[in-house]
Amino acid sequence: MDPVATPYFFYGLSAVAVLSAVGVIMRRNPVHSAIALIFTLLSLAGLYLMLYAPFVAGVQIILYVGGIVVLFLFVIMLINIERMQREYQFNKQWLVGLLAAAALGALFVAVYVKGQSIFPQHAVRFPEQLNTQQVGKMLYVDYLLPFEIASLLLLVAIVGAVVMAKKRI
Amino acid sequence: MPEDKPDQKPASPPPPAAGEKPAAAAAPPKPAGEPAKPATPAKPAGPVPQPWESEMVERFCRRFGSGIDPKTYLGQNYIVADPSIVYQLLQMLRDSEQFDYCVDVTAVHYPQRKDQEFDVVWILYSFPRNERVRVKTMLKDGDPAPSVVALWGTANWLERECYDMFGIRFEGHPDLRRILLPDGWKGHPLRKEYGITQQDSEWVKLNLGIESGQ
Amino acid sequence: MADILKSEQSPSSVEHIEAEKGVDQPFLDATELILNMGPQHPSTHGVLRVILKLDGEKVLNTECVIGYLHRGVEKIAEHRTYAMFNPYVDRMDYVAAVSNGLGYCEAVEKLLNVEAPPRAQWVRTILTELNRIASHQLWLGTHALDIGAITPLFYTFRDREEILKIFEKYCGARLTTHAFRIGGCLYETYDGFEQDVKKFCDFVTPKVDEYETLLTTNRIWLERTKGVGVLKAEDCIDLGVTGPVLRASGVKWDLRKAQPYAAYKNFEFDIPTGQNGDTYDRYLVRVAEMRQALRIIRQAVDSIPEGPIMGKVPKVMKPPVGEIYHSIEAPKGELGYFIVSDGSTQPYRVRVRPPSFVNLQALSKMVEGALVADVVAVIGTLDIVLGEVDR
Amino acid sequence: MADFSNYLNSNLTPGQAGAHLWVVIYILIIFAAVSLAVIAMNWLERKILAHMQVRLGPMRVGPHGLLQPIADALKLLIKEDIIPENADKLVFWMAPLVVVITAFTTYIVIPFGPTHAVTDMNIGILFMLGVASLGTLGIIMAGWASNSHYPLLGSLRSSAQMVSYEVAMGMAAVSAILMTSLRGTGVYGIGSPTADAIGTLSMIEIVRAQMNQHVWFVFKFFPLGLAAFGIFAIAMVAETNRAPFDLPEAESELTAGFHTEYSGFRWSLFFLAEYAAMIAVSSIAVTLWLGGWLRPFPHWLSGDAWDTAFSIFPAFTFFVLAGMALRTTVRMPKHPYFKIQKAGLGVFGLLLGGIGLVLLVPPVRDRVQDIYWFAIKVAAFMYLYIWYRGTFPRYRFDQLMRLGWKFMIPTGIGVLIATALVGVL
Amino acid sequence: MEITTLHYLVVASALFIIGTIGVLTRRNVIIILMSIELILNAVNLNLVAFSRLYGLQGQVFSIFVITDAAAEAAVGLGILIAFFRNKETINADEIDLLKF
């Protein structure tokens, strides 16, 4: 079936994503930032659904929102943020950083202007129905080695995080 | 299950010490523990404290001489000791006489006694001997009593309460603060001059915002 | 504590913080937290306030703040006659009012050098043991509730009700009974007292098994209570802890055996003890004590002697000058009365040695390094009544 | 309008059929039904728990306290809404909403019958687990925003607990999903696990797989399915913060945990969300292991006669309930005080009987019986929840974590591996 | 109006730039880590958008990226907690020693 009112959904979700992203970097209080991040991530999950990538959307929700952001919130609660809220929020090189980001934006625009022809102007549809199965097959057949490496990475991360956060080992 | 054990005896059978003897089992109607006097209605004169004689007391007398005055009253033994030696006496009671359990630390206020306004009373019990003894000392108002927290951990709160109620300072107490009354309270309610309806109205006004706590 | 809590509110400018860096030391480690448990808290059994210093969930330090229920019972005693003070003692440990009354009456009788007649002694023993069961039942229900099992509370209260009914029939009051008078008991037992008590014994014996079915082998109960709040025998003696807590640590000491009072020397019973001194052992000891209490009651009911129930005491009680210490085994531990008489109708000084107050002192030792949930369990297992702690 | 009636003939969920009107109707029905179920659960829990604890429970408002939940709801609505002065207003305000929205969002994919779901998603179970895990965020937000120590501890506990048990829950769910790829029938039927054997994450397809394999997954590969189901059943109790895993709101330790500072309507939102989440996770368990909407023995006791016999069950249940209500009406004391209650209970009984009669009508009967079997299975889980609460003490935090990480997750992985091996062999 | 891949790319680049600004200008390490998550998400959006044109590899890679993000967040926050415990601060410009 066709998604209903695609452009409206797209613009709505994109606006939420971008505005919340601005919220993430502008808020004084890290908890507010984390909540803004949740909104960004959820609207991105919506965008993935619109792009017929339901599995990625599901992983986004369960892993990013349900896992990583909870981790962020957990750490924020462990840390006394009251003092940090009263301090300066931006570092001394903020102007340079802003300029660099602007330059990056300019680069994007330049790339688009120069190579307009290679950008696709149409959308091709992949079947939604078997998306999960196909992703699974690809993960476990074509990309088995990267998958294993990723699991190794996670193991290292677990050990690293435990070593870092534990007081006495 | 603990209760299955057939052993019904207490941890230590009461030895026939000079202390309070349990009344003979044959006479249940007799209330426990006063062999000193026949059970007649109280006469105006009443029983008087008798000197207490036992091996333990002799040991104490040898060590402290005239500083102590061992007595027995209604089958209960107590030693009145001089404030200067009471700590050594208590220490000796615990270390060499097995009085391992400090039941209570308390005080009595006698405002009419000149320079000896307070009785400080330590009630001790010995698990191995199944025997109680009270140690008493007379203090002048304002003089400190020795703290026995180092000897018995129990004394910590008991001495705090004593300080709270009577204002007796216990020297050597790790944390001598009020315990039942609030920290800023003025006065020590169990002193005789403290009226029964008296209160620190200043504190009440300041902290509770009311005119009177009554 | 007050200045600690104040230091959280510091001025809000960065410069200020920089300037005050020496003064504005963080009072806590990065992960530490002060938790103020009580005085209004569901499981501090009244108005106990415990200030916990936590590292995450781990308890680093505790401080008890008591006195919220301080009514000055000892001061009141100095302004009442001996008989008038008797009802006041019921208000200290209000779940075991009968025991309190027994201790006071016996202490004054000793001071007066009179004795209660045997019939009174027997009735006193029966009522005191019934009250011990009631107290332990209330403890069991609330303790299980603290640990999260809500059902035992209702079972124990259902059965405790039967005891209170007997009290009500005997003396007209359920909780603060004022059942005994100096020199004996005021009331003769009502018709059918023996039958009621026997019926109660038969009724409650399977109920005690029922509590055990719910808890004793429950895995979660075992995990929550075994090895929690361990108190070794030496520590118990050093801290003056008495009652079931002491017996659970393996010290076989019970005043009913060691220095018998009332009619206890006529009855056979065991002193249940534990080995590990943890919360589970204390639970077992108290449940076993309920059974022993039933045993005593059964023996006592069968052998109540005939005779008067009130001894001969003077109308105006004027004990001779002197002082007396008398203690009994209350459900919570050694309850002692130190009474000083100056020969008048009013006691010169009454000192109550409250078991709860002394036992509560062991709290900070028992919860060192435990978790928040254990603090609740340990407060429950100490079986304190704040009315008695604060008096 | 054609769209409206066409859908009824199609054999699809409204989401798949693209019948947007029906989607809205379904959502409304589900919202109303879940709210009603929560209200009923409230009454039932109090009654059942009370009878387990030798007391009567609510008896005053309405006959046998039937109107008690409504009275409670009214009270909560008109109660003063308190926001602590130092609370973070925005987050404090948002937290209950997050919890409620996530709890209700999960219902989109729950199949109450082959066509009785809002939509059938390709990633149904993943979506459900993911959205269910978002409820944690609301709890964390609530605890943090209250700016108080008890809620903070509660939300710390909650976040750690939910993250831990989600893993075990996922492991158990995956082993059920593995079973969907098999073709064979029966308890040990493995079929052809070749390249064309494709499992599914879709909730409806999972139930269809159980239908095709003639076995509920709880019995599949006998000890394995049961073990996975057991892990899921434990993890879902932890996931919904219910006894014996109710540490985040442990009333005897943290007063009320994360919702200590909430009152009135906001608090009732937490309450609503908790029960809605309980029903939601029970629905997942029913779908994955207990055959979803399938009636008992659809293959063994097949045939028209059996079909008809089983389809009478819903009506029969309502008749029994009506009979109980009417019996109580008759047995009520003959006293003017009970007049209104008597009338009310009588009308209620007649209403139940009327519903039963409606359910006897064949077209309704056919469409409703799936929902009935689903609801019965979920209700069994609800009863279990209440039973746990009446029986178990509460775990301590470290024990909870130990159980989760050292027992549930290894067992879950073991069961998963064993299921995969058995499926391939 | 149809939504093409380009639209998604615009959103992704916006998120990327916002993330970059966050990383470069904020002092708070937690927010820097969140900004990194934003950047990774921008990349993910790109990958998924292109996967509509060129096959599912993009989606598979975005899953790898999410895995990576999880690992990064875990280790990053672990370091953060260890640092906070020692220094009582989590400001990026005060974290200037290799050893403490």
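A, B, C, D and E label the chains in the order they appear, each numbered from 1.
Operating definition for what follows: a residue touches a chain if its C-beta (ideal position, glycine included) is under 8 Å from a C-beta of that chain, and two chains touch if they have at least 3 such contacts.
Predicted, not measured: the structure shown is a model, and the values here were computed from it.
Colleague: Treat each pair of touching chains as one step and give the shortest count from chain C to chain D.
Modeller: 1
Colleague: Have a look at B-C versus A-D and report the one with more C-beta pairs in contact.
Modeller: If we tally the contacting C-beta pairs, B-C comes out ahead.
Colleague: Report the chain whose mean Cα position is at the greatest distance from that of chain A.
Modeller: It is B whose centre lies farthest from that of chain A.
Colleague: Measuring centre to centre, with centres taken as mean CA positions, what chain is farthest from chain D?
Modeller: B
Colleague: Taking each chain's centre as the mean position of its Cα atoms, how many Å separate chain A from chain D?
Modeller: Taking the mean C-alpha position of each chain, the two centres sit 31 Å apart.
Colleague: Distance-wise, how many Å sit between the C-alpha centres of chain B and chain C, to the nearest whole number?
Modeller: Measuring from centre to centre gives 21 Å for this pair.
Colleague: Per the centroid of Cα atoms for each chain, what is the distance between chain B and chain E, given in Å?
Modeller: Those two chain centres are 71 Å apart.
Colleague: Centroid of chain D to centroid of chain E, CA atoms only: how many Å?
Modeller: For chain D versus chain E, the centre distance works out to 36 Å.
Colleague: Hunt down the residues of chain D that sit against at least two other chains at once, touch-wise.
Modeller: Residues 152, 156 of chain D each touch two or more of the other chains.
Colleague: Send over the residues of chain C in touch with two or more other chains.
Modeller: 26, 30-31
Colleague: Among the residues of chain B, which are close enough to touch at least two other chains?
Modeller: In chain B, no residue touches at least two other chains, as defined above.
Colleague: Under the touch definition given earlier, write down the residues of chain D that touch chain C in their complex.
Modeller: Residues 49, 52-55, 149-150, 152-153, 156-157, 243-244, 246-247, 250-255, 389-399 of chain D touch chain C in their complex.
Colleague: Quick check: in the complex, which residue numbers of chain E touch chain A?
Modeller: 1-9, 11, 13-28, 30-31, 33-35, 37-38, 41, 44-45, 48-49, 51-53, 55-57, 59-60, 62-64, 66-75, 77-82, 84-85, 89-93
Colleague: Quick one: in the complex, what on chain A touches chain E?
Modeller: Interface residues on the chain A side: 6-7, 10, 14, 17-18, 21-22, 24-25, 27, 30, 33-34, 37, 40-41, 44, 47-48, 50-53, 55-56, 59-60, 63-64, 67-68, 71-72, 75-76, 78-79, 84, 87-94, 96-98, 100-101, 104-105, 108, 119-126, 131, 134-135, 138-139, 142-143, 146-147, 150, 153-154, 156-158, 160-165, 167.
Colleague: Which residues of chain A touch chain D in the complex?
Modeller: These residues of chain A touch chain D: 1-2, 4, 29, 31-32, 35, 38, 54-55, 57-59, 61-62, 65-67, 69-71, 73-74, 76-78, 128-133.
Colleague: Which of the residues in chain C come into contact with chain D in the complex?
Modeller: My answer: residues 33-36, 41-43, 56-57, 144-151, 153-155, 158, 214-215, 218, 220-221, 223-224, 371-374, 376.
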